[in-house]
Amino acid sequence: MSVLIEAIGFGIALGAVIALGAVGFTVQFGISNVLNITYGALLTVAAYLGYYLLQLGWNVWVALAVTSVAMAVLSVIFNRLLLAPLSRRGTSFVGVVIVTVAAGIILQYCVVAVAGPDTVSYGQLSGSTVKFADLVFTTSQLIILAIAVVLMVALHMLLTRTQFGRAMRATSANPVVARGCGIDTDRVIDVTWLISGALCGAAGVALAISTVTFDFTLGPTFLIYMIAAAVLGGIGQPHGAMLGGMVVGVVSQVASAYSNPAYQDAYAFAVLILMLLIRPRGLFSAGTASARRLAG
Amino acid sequence: MRRRGTAFGMLAAGVAVSLAVAACGSSNGGKSSGSGSGPINVGVIGPMTGPAAEIGNLMSGACYAAVLDVNKAGGVLGRKLNCDLVDDTGDPADAVPNVTRALATTSNLDMAVGLESNTAATTIPLVNNAHIPMVSTNGLVAYDKTKDAYFWRMTPSDDQNGAAFVAWAQRKGYKRYAVVFQNNIGAQGNEPGVVAAVKKIGGTMTTNITIPGDASSYSSVVAKVLAGKPQALILAGDPQTSATFLSEYRQLNGGKVPPVVTSTDSITPAYFSAVKKVMGTAYVTHDMAFIGSFVSPTSPAFSIYKKAVYGASQIKDPATILGVGVIASIYDGINLMALAMDEAHSASGPVYNSKIEKIASGVPGAVVVNSYAAGLAALKAGKQIHYEGVDGSVTFNAYHNSPGNFSASGFTASGNPVLLGMIPGTEVQQLLS
Amino acid sequence: MVVLLVYLGTDLLAAWGLNLEFGVTGVVNFAYIVLVAAGAYFYSVFTLGSPAASGGFQEYILGMKLPVVVAIVASALICGVLGCLIGVTGLKRLRADYQAMVMLVISILATTIIGADTGLFDGNAGLSLVPNPLASINLATRGWYYVAMVAVVCVIGYLVLRRFTGGPIGRTLRAVREDEDAAVAVGKNIIGLRLVVQAVGGVYAGLSGALLVGVIGGWSPSSWEYVETLALLTAIIVGGLGNDGGVAIGTVIVPVLILQGVQFLPQIHSVPGLTEDLGWIILGLLTIAFVFLRPQGLIPEHRPRYGPRRRAGASAVAVAGGPAGVTLADAPVTVAGGPAPVVVSDRPAPADPDGNGSGPPRRHLAELVALRPAEAAGTANGPAGGAAAKPIITVTGMVKRYGGVHAVDGASFSIDAGRITGLIGPNGAGKSTALGLISGFLRLDGGQIEFNGRDISRLPAFRRARLGIVRTFQLPREFRALTTIENLLVAAPGQRAESLAGLVAGASLWRRDEAMLVERATGLLETFGMLHVQDERAGHLSGGQKRMLEVMRALMVSPRVLVLDEPMAGLSPALSERVEAACRELADGGLSILLVEHELRAVERLCERVVVMAQGKVISEGRMAELRTRKEVQDAYVIG
């Protein structure tokens, strides 16, 4: 029993990292309808940015905040410079995917050119564990959980309690109608990319804390988990992505505790595919999906 | 995106083949040229780029050292020796076109070294079919009983290495082992040897687990391993995987981590820096043993080798090269093949191949030589020679294998390898019998 | 050189297969490389002997030592089946973006399982010592034989591919790519078509993998990661989406770009590997530049032209009495009794190239539409007859909910055979939903729909279209990349060229049918005054022309019930009149029409009976003139 509880705890810690990234990915997908593969490379950039700030002797929390802000700005620039022009030209879905892949490769090798191909590490943040009954967490895991909880609660408040959150959800559901209702959709899109970028920055740093050691392939490797989590929760659904991240994290850790760990990812992905066979639009998507149908 | 695209990588390499062929205007159909003029090329076939580039770097270093010595002694048959680096990228799909190209377009490619595990099964047949003698450092068990005539190996296969892990752990007094292997090629090759050896010595394997590489967390795996209360970790993984695993182990076990026994594949600067950052210098220098092919630092050949490694201008990290025993077999192999050419008076593979075994094992009455220069001088004096290199005396079996003895090494505080002890080959073979 | 050509050939096969799936049919299959890997894997385990016999250092299943030809064919076929299986994930009508992401995940899942499973795949080590198919040939010349073999497979592959990408089936597949819903609306079984295409794509992938692994001699899981699919997609987009030749060029060019990019860079020795990194950066920049500067690819997809000359020839065949002529001949029996054909064109028909009089006579619209005799007979009373018309579609208690909202809430009404039934109501009344339910585009949550007494509530949309219930869309959904006339041709029902027989026998089977269709399509275009744009891409037409095209395309399906969703919205008065006249003529010819329209005067002129909906319910029905006076109708319009 305690093995299970322990594994669930680890799964939640892992899920927190994935959820951070998945939420950033999903809000951005919801607003732009772009399968943004560059997101993986941006995660890497964030992890390295955090690394350099820590090298300067900065505190983890400050480094995290600065990285998030920097990534937020970078994301907006990325959208304005590359994706927005493509969508104005009506480039096909796959055409845009190819461009984001290309941009990802460029960023990734820029990182290599600057930081080199070897692994780097944030070092040991602290060495102790904290126990809650049967749950055991390492300090790093607690830091990650704290980051995730704070950001997720903040995002939840933003989405549900503010005027802007409503505008964002409206734009995500149907930009044309939203514009018609007097929403400044351009601004909403910019701010969404800011939020997505900030989450991407936080996720990159959290990922680096979690893996301890990483190299320039960090982001693309984990992007796939985030995509899985986002799809699991229903694309464009921040709350779904949070849950999806948890599911992916917990399933893989529990699977790894009870069976051959080499298959841990396979279990997580299999859950995704099973779920899609039952609910083709993800866990959280009933509302918008039918709304889209109506509009069509 | 971890992999650097292959479908097109392959094609790109293919285009390069055609351009190269067009440029040189010569394709000798993959046959060893043998009698030619100009420098003799040593094909160093290994991963020069990609995730395993570090191995390629070590291989080419050993080649530069050997070439330095051979050329200083006047070359082979009056011709200079030259290292020709052939990038197999560590991926068979890229290796095949790259090696094919090298075989087709490099003039006087008369000997080959390297051909490590990831690509060996696809590249060795190509080289063998081209009738080019090669000294391979691969660890594939398959080549324990090969019939390839041009294949020679002076280093152990992976399962023997695995058994040597256990031999060392046993010598250190550990009885309970947790076996944790990353699911990549080398690691999976070691596992059967470990399992067999643990059984043989009557030790306990508390866990035997395969983990995926580069995961963001191994907490659940660590919890499982911890539950078995192991005295030693037999761990094989890349630097990032090992660092993540060990760091989580330390956090979840109140700062304590049992000693690690692993392979000399990991005795690299990248591994040192990755693990040191999360585990601290004390752990890395005291609690990690790296098992591999034995190289005696006191043998006469070693001092010559060391001098060459420090003397070759192309080598940037001589200490690492000296510390990896497997790599010394490349230096030895080149000397051996060069001497075989001298004795056969030919650089043609089919002609000098048979001399390799003769010089390595020696015939009664042969003069023992420890360097190329000494060997060449003895040959010129009309004597039979027996080359005893850095790897010591080599006895090839019917399958052109000579596993030799094993070493255990550790890191110094500055990250350089240091010899901890020797494990006799016979002891290891016994564990597998 | 040998290796280059073999790789080129196998890449070509893979790129063609993916182009058929993605470029032509629009199936986004990010897991394509998995199929290539599977082809290579199955070839390996089929040709290898038992694990023990081949050295005992690797684990795998099967090890059947099959003859190589059998192994290649079997691997290709298995991949065809696997392609279908991957296609099944699309069966649930996953949105394209979901599919894309799921495919990515499947790709990774495959890599994970392969890496972890030593029993089946020998883990990350992969399989070695895979026999070369031409092992019996002497090594020195074997390479060129291999090239020849791959070349032969490529040539055959190309010829077979053309059967799918060219001709009417290629047109249909492209229609599926351009707009799935519109393709369903003209009766295309897109799920079936997709599965076929994915099976064929799978076979190409399998062949590619088998031939590749034959020359490499080893199967390594790391060679087949999802990036490879993206590289193939890049080649397709650079070469020219949907163009087999362009894709071939793209396959050659993309790697050359990589190579050249790196070659022209100075080697920077101080930082090892930097040059290579820059090479990748340049590749990325080139790809982006390509998508921006030449989005259509090097050689854009080209469409056949049906110029006037061609048409004249086609007419001759038709007049001579092709097989379809028999069907057409039946229609005029009733039409003859009706009023004289209305010339709906507001300008003289374009001059006949052969001179006046000698050209084929102007055809009745009903004839062009190939109205089916059954309906024609059903309207024996004639539209003028006051007797109650027989219903052709009866809707009872129809319900559609979205979450808690009842978009249609127990609506019941009928559509009269051979007449124009109007459906009006304020915004949000549920008209469009009702229309979607009748045509099968939305699933019914309750109630029943009967067509000629048969319950069709559960029939998928394309089957309803094949029965003759054909809808148009409120916002025109033309197949943008197809020409105007192709938009019509593609809609024709029961094309033999789309059948298996058509694929096997080739053009000889369908050339005549096609000529008949061209004749019908040109007739329609002429009637609606759009002959001059027949070879324009439909995406380039004006808004009004697109609307007309929408109606014409529906007519091309030979409908029995035409469901028009606001066909006149946004049309100029002249064009509106043309559509109105066409509706009238068609109804006179025996076609049943359900007209959803905001322009109430047109509804009044055209419809004898009008159904009024509000808030998901039918609130009234009758003649328009009466309805105007009814209070509930007035209220609905004022409040709604």
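To keep things simple, chains are lettered A, B and C as they appear, and every chain counts its residues starting from 1.
Methods note: contacts are C-beta pairs under 8 Å (C-beta built on N, C-alpha and C of every residue); 3 or more make two chains touch, one makes a residue touch a chain.
Being a predicted model, the structure only gives us computed values, none of them experimental.
Q: Look at all chain centres (mean of CA atoms) and spot the one farthest from the centre of subunit C.
A: B
Q: Name the most central chain, where centre means the mean of Cα atoms.
A: Smallest offset from the overall C-alpha mean is found for A.
Q: Just the number, please: Cα centre separation of subunit A and subunit C in whole Å.
A: Going by mean C-alpha positions, subunit A sits 35 Å from subunit C.
Q: When the centre of a chain is set as the mean of its C-alpha atoms, what distance in Å lies between subunit A and subunit B?
A: Averaging C-alpha atoms per chain gives centres 41 Å apart.
Q: If you average the CA atoms of subunit B and of subunit C, how far apart do the two points sit, in angstrom?
A: 56
Q: If you look at subunit B, which of its residues touch at least two other chains?
A: 1-2, 53, 183, 210, 212
Q: So which bits of subunit A are touching at least two other chains?
A: Expected reply: 104-105, 108, 117, 260, 262, 265.
Q: Of all the residues in subunit C, which ones touch at least 2 other chains?
A: Those would be 112, 115-116, 227, 273, 280.
Q: List the residues on subunit A that touch subunit B in their complex, please.
A: Interface residues on the subunit A side: 3, 6-7, 10-11, 13-14, 17, 40-41, 104-105, 108, 117-119, 121, 123-124, 127-129, 136, 138-141, 207, 210-215, 217, 220-222, 253-254, 256-257, 260-262, 264-265.
Q: Touching subunit A in the complex: which residues of subunit C?
A: Spelled out, the residues of subunit C in touch with subunit A are 22, 28, 89, 92-98, 100-102, 104-106, 108-109, 112-113, 115-116, 181, 227, 230, 233-234, 237, 241, 271, 273-274, 277-278, 280-281, 283-285, 287-288, 291-292, 295, 402-403, 407, 433, 442.
Q: Would you pull the subunit B residues touching subunit C in the complex into a rising list?
A: 1-12, 14-18, 21, 27, 29-30, 49, 53, 91-93, 96-97, 100-101, 118, 121-122, 125, 129, 140-142, 145, 183-185, 188-189, 210, 212
Q: Spell out the residues on subunit B that touch subunit A in their complex, using ranges where they run on.
A: Against subunit A, the touching part of subunit B is residues 1-2, 53, 183, 209-212, 214-221, 223-224, 227, 239-240, 243-244, 247-248, 250-252, 254-255, 270, 273-274, 277-280.
Q: Please output the residues of subunit A touching subunit C within their complex, sorted ascending.
A: Touch list, subunit A to subunit C: 29, 33, 35, 37, 82, 85-86, 89, 91-99, 101-106, 108-110, 112-113, 116-117, 224, 227-228, 230-231, 235, 260, 262-263, 265-266, 269-270, 272-273, 276-277, 280-282, 286-287, 290-291, 293-294, 296.
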